[in-house]
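The letters A, B, C and D name the chains in turn, as written, and every chain counts its residues from 1.
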Amino acid sequence: MATTYSANDEKKGNNLFLTLVRFRELSIMIIILLLVILVSIRNPAFLSIENFRDILLNISILVIVALAQTMVIITRGIDLSVGSMIGLVAMMVAFVTVSFPEMSPLVAVLLGMAIGSCLGAFNGFLITMGGVPPIIATLGTLSIYRGLIFVYSGGQWVNSYEMPDGFRALAKGAPLGIPNIILIAAVVAVLVHLFLNFTRPGRDIYTIGSNPDAAKVAGVNVTRTTFMVYVISGVLCGLAAVLWASRFESAQTNTALGFELQSVAASVVGGVSILGGSGSVLGVVLGAFLLGIIENALTLVRISPFWQLAAQGLLILTAVIVDSAISRRLQRFGGES
Amino acid sequence: MTSKQSLGDFFKRWEWLLVLLIFLVTIVNARLTPYFLDTRNLMRATSDFMELGLMMLPMVFIIITGNIDLSVASMMAMCASLMGWLHMQGTNIWVAMAAALLLGLLAGFLNGYLVARVKLPSLVVTLGTFAFYRGMAYALLGDQAARGYPESFTFLGQGSIGSIRFPFSAVLFIIFAVIFSLILYKLKFGRYLYVIGNNEEAGFYAGVNVVRTKLLIFMMSGFMSALAGIVLAARFGSTRPDIGTGLELAVITAVVLGGVSISGGSGTMIGAILALVLIGEMRFGMGLINIPGQGQNIVIGFLLILSILIPHVGRELTSGNVKVNKAMVGKTAVALIMIALFAIFFFWSRTLLIA
Amino acid sequence: MNDKIPVIRMRHVSKSFGGVHALKDVQLDIFSGEVHALLGENGAGKSTLIKVITGVHQPDEGEIDLNGERVYFNNPREAQHQGIAAIYQEPSLFPDLSIAENILVGRQPLRGGRVSWGQMNKEAGALLKRLGVDLNPRTKARNLSVAQQQMVEIARALSVEARVLIMDEPTSSLTSNEVDELFRITKQLRAEGTAVIFISHRLEELFALADRVTTLRDGEYVGTREMADVTTEGLIQMMVGRKLDDLFPKQAVEIGEVVLEVDHLSVNGAFKDISFKLHAGEILGMAGLVGAGRTDVARSIFGVKPATAGEIKIDGETVEINSPQKAMALGIGYVPEDRQNHGLILPMTIGDNVTLPMLDTYATKGWLNPKKEKAAAVEGVQKLEVKAYGIEQKAAELSGGNQQKVVLAKWLSTNPRILILDEPTRGIDVGTKAAVHGLMSNLASQGMAILMISSELPEVLGMSDRILVMREGLLTKEFDRSDATQEKLMMAATGTVEAALP
Amino acid sequence: MKKISALLLLVLMIGVLAACGSTEPAAAPTEAPAVAEEAAPAEEAAPAEESGSKTYVFVPKGLGIPYFDTANKGAQEAAAELGVAVTYTGPATADATEQIQVLNALIAQGVDGLSISANDSDALVPTGKDAMESGIPVVSWDAAIAEGGRNAHINQADAEGIGVVQVEMVSDLIGGAGQIAILSATSTAPNQNEWIEYMKTELEKPEYADIELVTVVYGDDEDEKSYNEAIGLMRTYPDLKGIISPTTVGIAAAARAVQDQERVGEVFVTGLGTPNQMREYVKSGAAPAFALWNPADLGYLSIYALNAIATGQIEGKPGDTFEAGKLGSYTIAEDGSVLLGAPTVFNIDNIDDFDF
């Protein structure tokens, strides 16, 4: 999947298969387009620039975390602890910023990423050195990290009035005309794309997910790469946590509760195979965008709040089924003898 | 391959380890608090875990086949909500209950169909229905709570038997635990579960009806979730659409702690039941010494990880496959240093605001 | 390069897994510019030895010298850096990656610090061209045939500029043209000074290619010979440790009634219009190249992939077989080609594997009866002389030959009237092979109808009463036992014009 | 050698776990008390075992919510005055199932009284009954346990009063005409649902004829969800003039959303909130006025009521009267509830007088 764009840089569209693969992201685009058309007929306010800015604002954090989740899923793992990591880092960073109000927001970001990397390292350690399956290790740290938030704060929240202005402006400020948080998410997406496609460690991630045994035999350092992926997941969650605390101007014991399932949903809707080995940044960004649009649209077309969750679940389910149907057909076209 | 073998051997011993742990926890609890070894108290605590237990039974089946069902708690809420909704419309409670069970079967069928026939990964399917079913619960009841169940019905959740007040829900659990154990060990259906978990394709070639088997276990899961929802509604005397939020992770935790391999193919029913008892005892014991829920979660989280980690390290030690390996020690050291740094920062920074 | 110093020199190498010796005091000398065959029955330790050389396993004892220098590989990476490359029996490609990346995995060319896809495709294309393979380097490995995958593996091995190239049964899934191609490349490499370690169960291949041969038996070193000095019998004796009387003990049997009749059977995209009759007591051989559709025919008869057109008749009655259960109920058994994935459930016990298809029979009123089950398993295992500690042993721990015996025991326990054997002796050592052939002959003489698919022509010729040949999804030719020869079969299978016949 | 390195690895692992989990030593239940200390540093010291002195437990809907922490302060104040011990413990999340587990453990310990804010008014009835049968008096506060499951309920303000005051506030803010919406907590929250009912009734009165309630949405008492819902409201209803959020999480999120969307002065937020949380928005004009009772007083009163019942001063029957320290004397009403008083309205004039 990810090889697509780059391969196309070289020679354009001379290969039927490549065009079809590109079609795979197209399928999400088509779903998005249909949804946009339908919703804007019901409520023209949907098409306003402000509304799209809101949608982008809302999905920025999800994009960052879903990209982290994607890298983990490509290696055939899963990181269920992302929500708890965000909560814990948000709380710790919030505590520090409240204690040192004059601290630069940039330091807060770096601090959050550093704390996140430690949490991710613990996950990676359990998985690579301890032989604990990813789903179990991160299910355990889901509880542990969430519990640590409470241990840490003793149940206190950090509220918006306690936070320094500089920190609050971190996510919301828009010195370049576009809110920082959207810019940061976009930069992360580009960096992850470059990392996955144009560095050896990035390619190793796909290699491991595609065939772990063969990767080991082929001389890929599976342990180190896997460890690294969980650390990256922690780092990106740390970044997301700081942005979260800044955007919502609070750190609570239940911050980002249940976010792990949202991030997995965004990845899966974005065409990342839960069986590992494939997935692209563009797909995941589109997947998160689709989820954002669904949530936004359900409010705008005034669906009863009681039906919103059901509709959301149904749409996600449909997206996954449609996507798998399309990709299965693609594989047949792809020339299976 | 050899690791699989010793894994199997290990799990034969795993149940004994659980028994030992339960024994230990009992002693410690009894020493820490005089209230622990009190029949009445134990019975009261028992009824808190029966819904979890009922949903755990089919989850053992599902995980043995290498699948997972994240939608159990949502199905539970949806079915209980349907029952409550019907009851409020004036339907006879027993009819409503039957409808809830039927809906459970249907919900399980949808999961099973998508997994077995459409061949989507169970994690993806049940992640979708996790949201969908929970949403249906809200759609049914909205901001209402269904209440006013007759006493004959609430007996299912609140009733007890004998002078020691043995909860009726526990009787229900025992009956189903026996049934599910018999299915697993005494019917070919049970053997098929292990076959599917180990090598689905070879099973298919040997005449195992893989599709039907998978469909059935997901339907069982739906049915038992509905039953758990009914018991919970009876225990509460009311139904709200948000009941049992997050319970799916507790169910999976119990199953994995019970020694069922998350990648499928191995595990026992008795192990899962023992794990349920262990978790129940530990939570009750910690509750008695007023450890808040978050603290309990940390302990259970570590227990879950250690239950896999310690046997793994033990195996590495005994198999002699561990090498003097600079890289390995290096990585361990890096992880260790990072975690140590985190710990230092954790304790230092919290002193800033909490005096 | 000095021939006196071997590229690889191994002495006293031992390795055990969980207390069981896989290698015991093994020695090996490989010189550059030679093709060195490694011979032994399944379980003799060939694969373990290779994995020690490539750094997948680390020896418990003993030493390895590379060009006279002591080495110790902690992992495959270190071995690769020293110029050791391997092609394993099972293709180990990355289905989600492109061919180019598969070839250059872990060594993607960098330009200015970033992976250069153009460079990568160019390098891979050049390698493929050198191999004479026409493949687009951008194609994903998922879409390749087995043979093409094998070629990519070879290209990968070439790309590391290997000093030592190890090939573990590279020919088992190749057609003869592809085998020729492989041999050509191998010889070319030898001429360039590469040391090649070659493993194959097909002795004729060794004679065609190898310079020297080292034999292992039960994890121990037996000896090294010049290929020119040995005979087939000699090799077999070294391998088995005794003389083998008869590899194809086919008894003459009276052919009975038609049991199975296949009429214009088709599966879209796999095969078309297949018609044949199978009689009681008959062994019907089915020859053809890999990918000719033979396995698809077997699978559709067994209901794994039901036919899209045509009829199957059993005892003259048309039946519809849409699942293996149905086929089993009709008395059909199928020993699949892929033993590890389709034949056995490796992590489960021998007993569980043997009784699986007929669990109902071992149940009383629906409840499984462990005693009956055990008795049946023990009986099946004993009848086939499976070498194991007991029926509680895991199938994964058995050697290939014994695994195949368990698969046979499993299917015989269903008392089939029609038995389909798909590559029944692939990857099995010579001793077990003879035993399997003996068993087939016996079963046929008891009136069982056997359809045998095999890519080994001597086996087809030696065991079959009649032989069908398939090519590209069509039935091209039928031979009687008496007038079939290796050449005729080959021509029918490859579609060489009739005029070429002598 | 191998064994040594393997051992080394094991030691490292244990070291790691010890380093990370030094306060929560995992599986070993023997060390569990250490967790208790660390896990609840805000919690008061364990119940004193002095003879004669009673130990009550003050149970919130969920731990880690400032509103309940503030209430606990009042409860502790009352405890000090009465010379009793009050423990503060509850479920990790605001969930009835978990709350019942906590309560069962408390009942098993035979505490002297329970003061509970219920996650589910019906679900807690059997548990409450069980407690009372075991001789443990039960008082609910903030969110009631249904009758039959408690001796008395301490009402922060009567539901109708809460509903009315919020409608009055919003009417004042938007000048008596225009579209308004309600941003509630979870759709199942009994308090909020009751208040919303009263608001709807109140809005039917002729003086509010020009006010249109367009919708009720739910932020689930999660900051992020509430924030997004509030933005969604403004987007969906461009003419929206007012948002009532009868929950402390929702009102702050809504006010911030108005600020972030730069709609201050066009959309007004009101409802129930705490002064500290809302100070900024009162000053900015996003939420010029809001109401709340003092949660500390609520906790304070509930402990006095509980103590009165537990010590046998009153039986908890309607008409019983008891003294509640600084708050004066209270009488149990016909439905078994005790009314704290009218809610305080906070605005720019008085906001700086409060700190909670």
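Definition applied: a contact is a pair of C-beta atoms (placed from the backbone, for glycine too) under 8 Å apart; a residue touches a chain by one contact, two chains touch by 3 or more.
Note that the coordinates shown come from a computational prediction; the quantities given were computed from them, not determined experimentally.
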Most distant chain from subunit D, judged by the mean position of its C-alpha atoms: C
Cα-centroid distance, subunit A relative to subunit B, in whole angstrom: 28
Subunit B and subunit C: spacing of chain centres that average the CA atoms, whole Å: 43
Euclidean distance of C-alpha centroids - subunit B vs subunit D, Å: 30
Subunit D, residues touching no fewer than two other chains: 9, 13, 16, 20-21, 24, 38-42, 63-64, 92-93, 187
Residues of subunit A touching at least two other chains: 122, 125, 129-130, 144, 147, 150-151, 153-154, 156, 253, 306
Inter-chain touch pairs (all): A-B, A-C, A-D, B-C, B-D
Subunit B residues within the subunit D interface of the complex: 21, 24-25, 28-29, 32-33, 35-36, 38, 40-41, 44-45, 48, 51, 138, 141-143, 145, 147, 154, 158, 232, 235-238, 240-247, 282-299, 302-303, 306, 309, 313, 316-317, 320-325, 328-329, 332-333, 335-336, 339-340, 342-343, 354
Of all residues in subunit A, those that touch subunit C in their complex: 1, 3, 6-7, 9-10, 15, 17-18, 194, 197-200, 202-204, 206-207, 209-211, 213-221, 277-278, 331, 334-337
Subunit B-facing residues of subunit D, complex: 1-10, 12-13, 15-17, 19-22, 24, 26-27, 29-30, 32-33, 35-36, 38-43, 46, 63-64, 87, 89-93, 95-98, 100-102, 104-110, 120-123, 125-126, 130, 186-188, 190, 193
Residues on subunit D engaged by subunit A in the complex (per definition of touch): 9, 13, 16, 20-21, 23-24, 38-42, 63-66, 69, 92-93, 187, 215-218, 222-224, 227-229, 231-233, 235-236, 238, 252-253, 256, 260, 276-277, 279-280
Subunit A contact footprint on subunit C (complex, rising order): 54, 56, 75-77, 80, 86, 88, 92-98, 101, 105-106, 108, 110, 114-115, 117-118, 121, 136, 138-140, 142-143, 145, 156, 291
